[in-house]
Amino acid sequence: MATMSTARERVKDEAKFTAGLRNRHLRGQIWMRFFQAAILLGLLALITLMFNVVNRVYGLTAVRDAVPVSTFSDRPLEELNASELAGILVAQLPSGGRVLVRDSLIGQENYNNNREAPLSQLIQGVTLPDDVGALTLAQLQPENTQVIFENAFTPEDMRLTIITDIVGREVLESWTWSESLFNRAAIDEKVASTADWEGAQLEWRSWLNFSFLTSRMTTVASESGVRAALLGSLLTIFLTVVVAFPLGVGTAIYLQEYSTGDHWFERLIETNIRNLAGVPSIIYGLLGLAIFVRALEGITQGRTIISAALTMALLILPVIIINAQEALRAVPPSIREASFGLGATKWQTVFRSVLPAAMPGILTGTILGMSRAIGETAPLIVIGASTFIANDPTLASRFTVLPIQIYNWTKDPREGFSEIAAATIVLLLIVLLLFNATAIILRQRFRRSLSA
Amino acid sequence: MTSMTLGSGATAIDLKHVKVFYSDKLAVDDVSIPIYKNKITAFIGPSGCGKSTVLRAINRMNDLIPGARVEGEINYHGKNLYGKEVDPVEVRRRIGMVFQKPNPFPKSIYDNVAYGPRLLGVTDKRTLDEIVERSIKGSFLWDEVKGDLKKSGLALSGGQQQRLCIARTIAIEPDVILMDEPCSALDPIATQAIEELMKELVKSYTIVIVTHNMQQAQRVSDFTAFYSIRKAEETGGQERRWGVLGEFAPTEQLFSNPKSEETERYIRGEFG
Amino acid sequence: MKRYALNLHPNTFVRYQNRNLFSLYQWSTLKCLLNIVCDNTGLTPIHIRGQKQDMATTIEVKRKNGAIEAALANDASGRPRIEKRGRPFDDFMRYLLLACGTISVLTTLGIVWVLGSEALAFFTSVNDQGNVFSTVLGNLGNFLTGTQWQPGAGLFGIWPLLEATLMTSFMAMLVAVPLGLGAAVYLSEYASQRTRSTLKPVLEVLAGIPTVVYGYFAITFMTPLLQGVFGRDTVQFYNTASAGLVMGIMILPTIASMSEDALTAVPRALREASYGLGATKFETISKVVIPAGLSGILAAAIVGISRAVGETMIVALAAGAGPRFSFPPDFFVAAETMTGHIARISGGDLSYGSIDYQSLFAIGLALFIFTLLLNMLSRYVTNRFREAYQ
């Protein structure tokens, strides 16, 4: 009994309690700071990440032209018309541009096999004047070559060729926006004093600009564009959604509206989807490589956008299904009951009552899936996206996409490529933003029409 | 009404003009009552009249609800619980609470009861064992669980869980125990057990109990506060409702000879 | 189940279970309903009331004056406006939908088949000793225990790749678990409604950023930062620490949001019980809320590990190329993870059917099994948690 009362006294001990309470509160304060710090660190990470990218998109760049434009043209290239540009190519390129005709229009191998054939036979897809078409490559005069260039190339192409092959433009170094602002003196000093930077020009440059979106890839960072990758991404995503949306929504409808969950196969589908959602994306790449690229090569033509889109469709299928299921689940059962109560069949109920009510949720889920697909890189590396694609992609051509370009350019040690990787990241994030904004607008519009 | 007019010994807590707001909406208006030491005070009244609200104001439980605000004074040992320097943790350590729905922690019976003492810095195993045993015995649960204190508190029956919650509360030796409809989730036998327990506990504790059961209030309590609802039309046709104190008196007196007609109608079961 | 079709006039005012469908549900749904029922009827019904007994059981059709025109019931088979129809189209749609669902099962089968068959080819092709069974067993043993991955020398031991995977994942969890849990606690316990509603979308943004962007971040920010802090001599340009840390940031939102769900699911009553016993806020969190939500938090951490193990782009960019086994582990040197290796080799020129090609699938199989087990474990843990609160 004596110990009993000491235990009781211990609990009631006022002095100890008051002293302890201060410590308890202090400990709570410290931990609260830690919790706060955790979320602030998350925020800080996001800000740093964004700043780190944007910081590289705009800044000072040192560029050098081996043969400045002024040595062969008194006006800037942008102001010249097609025939003037063609004239420069003919005048400045080795052997009067014949090498360019051979390499980019005829093809080396083709030429070696048919040296004596007239050009009209050798050059496909370009209409040449009859007199020029009748000549062989060896017979070409400078004025003929100029005509060929005018007909075969766009002014944009010719300008790029001039810059890469004649001018020999080279990005020596580029600085981030913050460096350019706060470290200007050191940069100027470096440009002036570096021995083999003779003739370098320092200029402010935004790596993300309109011509970056519209021009093709080249070997010079400052002239390179992301057009093929942007088109590749859009095509891939389009085809992905076309395949994944009906399959995903169909599965969700089956699981939510038809399945009772009693049959083993229905449970298998359900569990299977949860498991698929956790499979690393690179595994889907291996699947796509073995099935779509290799086994189904006859249909997909190998490493093409079709293969990529089919792989991506499988990848985002679980996302779409799970979100669509959730949206269907949220439709109040009374809507179904009311429809059945009016004598509608199962399919009529699903298609005309339940599905429209669930549509905003389903679309939101689909856009989530699209956001996932447009940023996904690993599976496309595995199925073999290309590193260098100059021409606009088609469904059955080799291709590249935005994240692949980010990956390639990030790895590229040459000056300027890290900057165009950053520009591509900004572009990708803008596309993602557009997706999500669409999702929000869609949702709101649907909500309005629902409540009206 | 003061303790003088009722003449029943010392007050443990004195509520003076207590008003409670939920996000600027008045929930209870102007409650002034004494809570007598070592007595059971019952709160009765129709649903929504603010019994729980007043009860929770007494141990500053309302602090946890965003937007809740208390005006007036609640004096405990001559100190206003809502004074600036008062620490709600300290208040709750002295004024314990048992809730309507039994809410044992998803821990063992032992850990449930030892929770409070551990907070108070008791780490010694022997002392803890003693406290746990005494508290569980104090809530008449010992015979049912003594064999297996490691069992989860959630594995007990509803009535046992509620007694475990009471054991948990008395383990920290509070002055006052607030009980919000402690029997509403229980069957008559468990209810009886809790009622007996209250009569036992009141020898060493002061108890406030909210109940919807008039018989229960009559059976166990020494004093009863009856709350009722006031209504007013607001602009826009909306109705505003808030609770007020209807009557406070010794239980016997309130039930046998209610002063107001409203009280009488309520205890006769005509509304509420 | 018998099925009936009831056709009604478009000017139908529909009530269901005494609730007005016009006000309860959206106009579009109602229109859909009406589309279904509007074809033809002899009546001009004003009022329909359906009573749910079976699916379509009793439907009363009323005139405006309230007199009941007809009460049509399931068993009223003789009534003219109810006809029983076969539903071949409905059955067809059902099977079509089921076929959609089958695709996902086929995907899994496809993964298992592709990984399995190529891995088997891999395990049978190295050092062919005639007896398939012992060859496979021997090669599997070498694969699982070998500490050298040198395809040129015919050495295919997974440990160099596995070690790098474990190192980056460990590093990631070191960042993501405490910070993710901390952020979850802050959001669910401390933040006001307004703060929460602004901070949660920020976390979602962080979760929605493509991983290749994190890879860029690792190379252009984290690696120079580490080199700046620890010196260029200690920290190689490609290293697992940088990749792991950035991966931690990537996983943080997942863990934070899953943990937050687990914490907010802890009933209010438990918190109140704790406060009622005189606990401080932090004591309530650490002794009641977190333990009660522990299985949810655990599940979040397991999902985090699984994502870290399967993550490719960050390690492909920042961790380095070339399998390398180091003991004791050194976080500041380059190493190649399982995923990084698959990405690098398949990105190059790879001839189908070669042993290099097949080895990728063997690694993929290991990865698949690993992440599958983790995900199943996570779901098991979550389900246990659900049972704890009835």
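Residue numbering begins at 1 within each chain, and the chains themselves are lettered A, B and C in the order written.
By our rule, a contact is a pair of C-beta atoms (placed from the backbone, for glycine too) under 8 Å apart; a residue touches a chain by one contact, two chains touch by 3 or more.
Predicted, not measured: the structure shown is a model, and the values here were computed from it.
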Joint neighbours of chain B and chain A, given as chain labels: C
Central subunit by CA centre of mass proxy: C
Most widely separated chain from chain C, with each centre as the mean of CA atoms: B
Computed distance of Cα centres, chain B from chain A, in Å: 62
Chain B and chain C: spacing of chain centres that average the CA atoms, whole Å: 46
Rounded Å distance between chain A and chain C, as computed from the means of their C-alpha atoms: 22
Residues of chain A touching at least two other chains: 24-25
Contacts with 2+ other chains: residues of chain B: 89-90, 93, 119-120, 172
In chain C, residues with contacts to at least two other chains: 280, 283
Complex contact set, residues of chain B against chain A: 87, 89-90, 93, 117, 119-122, 126-127, 130-131, 134, 171-173
Touching residues on chain B, where the partner in the complex is chain C: 59, 61, 64, 66, 89-90, 92-94, 96-99, 101, 103-107, 115-116, 119-120, 154, 165, 168-169, 172
Residues of chain C defined as touching chain B within the complex: 192-193, 267, 269-280, 283, 287-288, 291-292, 388-389
Interface residues, chain A side, partner chain C - complex: 24-25, 27-28, 31-32, 34-39, 41-43, 45-46, 48-49, 52-53, 56, 246-248, 250-251, 253-255, 258, 268-269, 272-276, 278-287, 289-291, 294, 314, 317-318, 321, 332, 334-335, 337-348, 352-353, 356-357, 371, 374-378, 381-384, 403, 406-407, 410-411, 418, 421-422, 425, 428-429, 432, 436, 449-452
Residues of chain C touching chain A in the complex: 3-8, 14, 16-17, 19, 21, 24-29, 32-33, 35-37, 48, 50-52, 55-56, 59, 82, 87, 89-90, 93-94, 96-105, 107-108, 110-111, 114-115, 118, 178-183, 185-187, 189-191, 199, 202-203, 205-206, 208-217, 219-221, 249, 252-253, 256, 280-283, 285-286, 303, 306-307, 309-313, 316-317, 339, 342-343, 346-347, 352, 360-361, 364, 367-368, 371-372, 374-376, 378-379
